[in-house]
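Shared between the two complexes below is chain A, which has chain B as its partner in the first and chain C in the second.
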Partner chain A sequence: MVRGSARRRWLSTAGFYALAALFMLPTVFVFYWMLTLSLKPQIEATAYPPSFVRFSVTLAGYREVFTKYPFFLYTWNSLVVATGCTLLGLAVGLPAAYSIARWRQQQLAVIILVARIIPGIAYLIPWYIFFRSLRMVDTYGALILTHLIVGLPIIIWVMISFFEDVPADLADAALIDGCSHLGVFWRIALPLVKPGVVATGILSFVFSWNNFLFSVILAGRTTRTLPIAVYNMISYEEINWGTLAAAATLITLPVLLVALLAQRHIVTGLTFGAVKQ
Partner chain B sequence: MAARRFTRRHFLKSVAAGVAAGPFVWTPARAQGFNWKRFSGKELFLLLTKHPFIDVLEKNIPEFESLSGMKVKWETLPEIQARQKMTVEMTANSGGIDAFFTSLHVEKKRFWKAGWYHPLNKFLADPTLTSPDFDWNDFTPGARAGVTQPDGSVSALAAFVDANVVFYRKDLFGPKGLTPPKTLADLEPLVKKLHAPPGTYGIVLRGLKNANATQYPSILFPMGGTYLKDGKAALDSKEQVAALEMYTRLLRQYGPPGVVNFNWYECSAAFMQGQVAIYMDGVNFASQFEDAAKSKVIGKVGYAVLPSGPGGHFSPIYITGMAVNAQSRNHEAAYLFAQWATNKTNMVRELMAGVGVGRASTWDSPDVKAKPKMPADWYQAYQASLKIGRQGLPEIVGVTEYRDIIGVAIQKGIEGAPAAQVLAQAQKDFQDLLNRTES
Partner chain C sequence: MLLVAVIIVYPIAYTGWMSLQEWFASSLTRPRFIGLANYGKILLGDARFREAVARTIWFTVVAVAAETLLGVAMALLFNREFWGRGLLRTLAILPMVATPTAIALVFVMMYHPTLGVANYLVSVVGLSPFRWTYSSQTALYALALVDVWQWTPLIMLITLAGLASLPREPYEAAHLDGASPRQAFWHITLPLLRPALVVAILFRAIDALKTFDIIFVMTQGGPANATETINLLLFNQAFSYFNMGYASSMAVALFALVMGASLILIKVRRSTTW
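Let's turn to the complex of A and B:
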């Protein structure tokens, strides 16, 4: 009897991994293809049938990324903008989410969501006129503020459910003990939702890091971010695959690392509040 | 900036005006006295496009700065993104862009109607603004027509001129004693002889919708077809039917598998991998064919002018140019840049780098002849094509929409639908488009 149950457990574990592998294959393959493409010479990158495993390795793509393009500048720009957007988003979004959750301001929450639902391209021309008259085109400020349209609603909406899970009694107890509302938020609520803060921070960072559209229009030569850099490899009737894949790999790498390191937080963040005690 | 309304009367009047204006004439005696420094101290901003022409030009911009005493800032974006940025800038009426690189085959009528091009006619005729050695008439007739609007206004100075030519594999032609096709009638038997799948496919042309619209005229024009007849859609003419039948039959019978979804990228890759005997497309691809890092057919490619047909001998051309932004506050200074970018010296540099330009004098330049980057037959095919150049796409506002309309018809044709039937639908859609956008 005992042996039978052990075997069943083994089978279900194997089945689980087989299924997981099946679902992961398409995702992982994309990364594998990107990585191998970045190492192939152009002539093999376009070969048909494609060579998946055996190919000659060159680092020319990576060399070109760093020598022909100001890749470090782009990376720095992306870092500044994504970090700025995330910090500002948290600074504004956390109190907002707390307030919405504590005082049940549902209408406010919906209005914020509407801002996220409208396609970003609709904002572009008004923004451009706005930032142009403020002389803010081609500045970090303009990029950070515009990226908030993507980051802020995420932060607020995910954090609302986190704050809703903080028992109201805790806050009331603190208030009776003489704590101010701001104090309750800062000393009681915020420490309790730390995993959520980490998760939303990362999500907002990734959204900003990957944003392409706003950066094309509002960034200039000095503030251009990484996703635009990838497009630099596409010329008239010519695509430089090796360099493009090398740039894509380098751009994906930090996000991938951050996501892997903080994976636990992200999963908590996405599902937290889904089940109420 | 009110959009200009365009009517037939307007068109006739403008053609007359264009003819009356005639060629621009300069007196070479003043060549030495031209003052490039007139706008010294000003700052220009350019919106450029990722393009081989720009790659060469960018390196020499400091030379213009010291020549003119102006400071030049610029941004280079891929074509689609540059167009997005341009649209936003122009809608916002920012005046931030002084000169821009424009794909006339897509943007010509649309930008003109929106009033984004500053007309250059007066500048070209003004000896204080145009250096005597610039020589407008040095541009090929096709290049001049490509930058001139129906009302006779010059919207840009032609920079890069792409012409469709025949690429063929000398190593496959030679042993069989074959020569490149002289006429459309030669083409199909030739392709048939070379077709030996799966090693070699007879021919490749763009099959994917929209993309195929720039290659289709390689067959359509010699067949005698046109896009418009008296301002009305002419997609259902018998020449159109014959052309579409031929284009699609060639691909269906002698093209590589999946050709119906081939864009330029798949076509050129198949050719560079040595899988195709004949490929007809933009002459610019040759620089990749002759690059050992990218091509397996280096040294094996022959270049020839497109075959002629019952309707005549044409090469579809696609022109990009340097334009002055109507919203700029420095029209004249921006014009100086556009003029410099397309002058003889710079065009020779482009040609030496293997980028084709529509300036007749550059082809005989001793510099180009001394250090040819490309094979001799490439220069010959290119030059011959420029002489028979005709704008490859209809010069209308809705170019992209047209490309989709004919593109779908071609794709259906490749999949086996009768040409007359798919073209009847295309004709209807095209006329609807013209009614919507051209009146």
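Let's turn to the complex of A and C:
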């Protein structure tokens, strides 16, 4: 009897892990396939039936990405834009979120939410006309400003809930002791919400890094970011799968690594603060 | 006091900046310039736009429905203590943050009709090969599958968080009253989960309606316009034909669609949480 129930428990555990593996398999497989394709020589990358485990490893794809294309320039562009967008977003978004949380400006919060709902392409047309008339197409400034529209609402929205958790008594006590509002923000509120700042900063960086729609129109020859560069590789070059997969791996690897470092907070940001972790 | 003003001015300036953007967008379609002719055209005259609207909605419904079913199923499965929970969450996050362009590229290679691994896997299971994004019959579903791959984990994570916050008492009461686990699921878990689920579906619906990257990279709206959603049609009108006014009116229409979907879902949420 006892042995029977132990066995049943073992079976149900095994069944659970089998099901879990089945559900997670597609997630793992796509990344695995991307990585292995990038390491395969061309003949094996397009072999049919494909080889899953045994294949010869080559770095030719990666070498080609860097020698045939100015990939360092594209990486630098992506870094500049994503970093600029994140820093500017935090500089504007943190005080905004603080004041919305502290003085309960609900209407402003709703506007941020609407900014999240508006399709990006609805901004793109006016921006394109605007930046073209200023001759700012193909500048970092235009890219950073446009990417803000993706990052800023997330920074503000998520940080509102972080700032709301800062006890108001603490701020009031500091004010009575002669601290200014800016001082309260800088010396008391900000240190308390440091985890939130890190999380939203990372998310803003990731979204800017991944952005395709704004960059495809507003980035030119000199400021082209990685997603656009990789997209152009499919449209104009003869398709070499090893090279394509290497490029895909290179652009998505940094965000995956960054995401792993801050995974606890990323869920909060992705769900726009709908779920408090 | 000056500093208070500064802190308050920031969001107001931001608001002004935002409204400026909206004003720019609508200035192109302002009656003084173009009149409502564009709207008349897209609503009445343009069959291609109507098809794009239907396609956008269908893509969203298919993708979000699949994500919800799978996501809730996975959340129910994973809602327990087990070895490897952290690993599960890590794996769930990766598709969501991965660069869509890169993912689209990998799927392009996997979907290749003769050399792709997708058809190989299909043949291993014993089905006849598909033409994925290369056939106008399957292309939209092939794209929806990419969306499902990327975003099912989001629904799962939100549902898991919802499950974690459920109270224990109703279950104990139901158990005492002799309810089966299935009855408990339909009559307790699902109603209590509804707010969290609606939030999850809301986020997914908003973003699925706006899907651009993967469609643009993988099919560009083809084959034979089979995957031309509003976003794609609008993008081509604006940046291939530079038909800005017309494209702007579509942008407003797309916004109305997303807004409408959001309002409906918010209303559903209100009505179920009293």
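Throughout what follows, the second predicted complex is superposed on the first by the 233 of 277 C-alpha atoms of A that agree within 3 Å, B and C clash if a C-alpha of one lies under 4 Å from a C-alpha of the other, contacts with A are read in each partner's own complex, and residues count from 1 in each chain.
FYI, a contact is a pair of C-beta atoms (placed from the backbone, for glycine too) under 8 Å apart; a residue touches a chain by one contact, two chains touch by 3 or more.
Note that this is a predicted model, so its numbers are computed, not measured.
Three-chain overlay on chain A, with chain B and chain C in a clash.
Of the two partner chains, chain C is the only one touched by A:23; chain B is not.
Of the two partner chains placed around the shared chain by superposition, chain B is the only one that A:132 touches, whereas chain C remains out of contact.
By the touch criterion stated above, A:99 is placed in contact with chain C alone, chain B being left untouched. In the superposed model, A:232 lies in contact with chain B only, and not with chain C.
Of the two partner chains placed by superposition, only chain B is touched by A:42; chain C is not. Once the two complexes are overlaid on the shared chain, A:5 sits clear of chain B and of chain C alike.
With both structures placed on the common chain, the touch criterion links A:67 to neither chain B nor chain C. Put simply, more of the residues of chain A are touched by C, taking chain B and chain C as the two choices. After overlaying the two complexes on the shared chain, residue contacts for A:217 are found with chain B and with chain C alike.
Mapped onto the common chain A, chain C and chain B collide along 134-142, the only clashing stretch among 62-70, 134-142 or 188-196. When the two complexes are laid over each other on chain A, chain A has residues 46-48, 124-125, 128-129, 216-217, 231, 234 in contact with both chain B and chain C.
Those residues of chain A whose C-beta lies close enough to touch chain C in the complex are 16-17, 19-20, 23-24, 26-28, 30-31, 33-34, 37, 46-50, 92, 95-96, 98-100, 103, 105, 108, 111, 115-130, 149, 152, 180-182, 185, 206, 209-210, 212-213, 216-217, 226-227, 230-231, 234, 241, 244-245, 247-249, 251-252, 255-256, 258-260, 263, 266-267, 270-272, 274-275, 277. Chain A makes touch with chain B in their complex at residues 41-43, 46-48, 124-125, 128-129, 132, 137, 216-217, 220-221, 228, 231-232, 234-239. Contact residues on chain C toward chain A in their complex (touch as defined above): 3-4, 6-8, 10-12, 14-15, 18, 21-22, 24-25, 27-28, 70, 74, 77-78, 82, 84, 88-103, 105-110, 114-115, 117, 120, 149, 153-154, 157-158, 161-162, 196, 199-200, 203, 206, 209-210, 212-213, 216-217, 231, 234-235, 238-239, 244, 247-248, 251-252, 254-255, 258-259, 262. Note for the complex: chain B touches chain A at residues 49-53, 55, 73-79, 81, 84-85, 88-89, 91-92, 94, 96, 264-265, 268-270, 272-273, 275, 282, 284-285, 288, 293-296.
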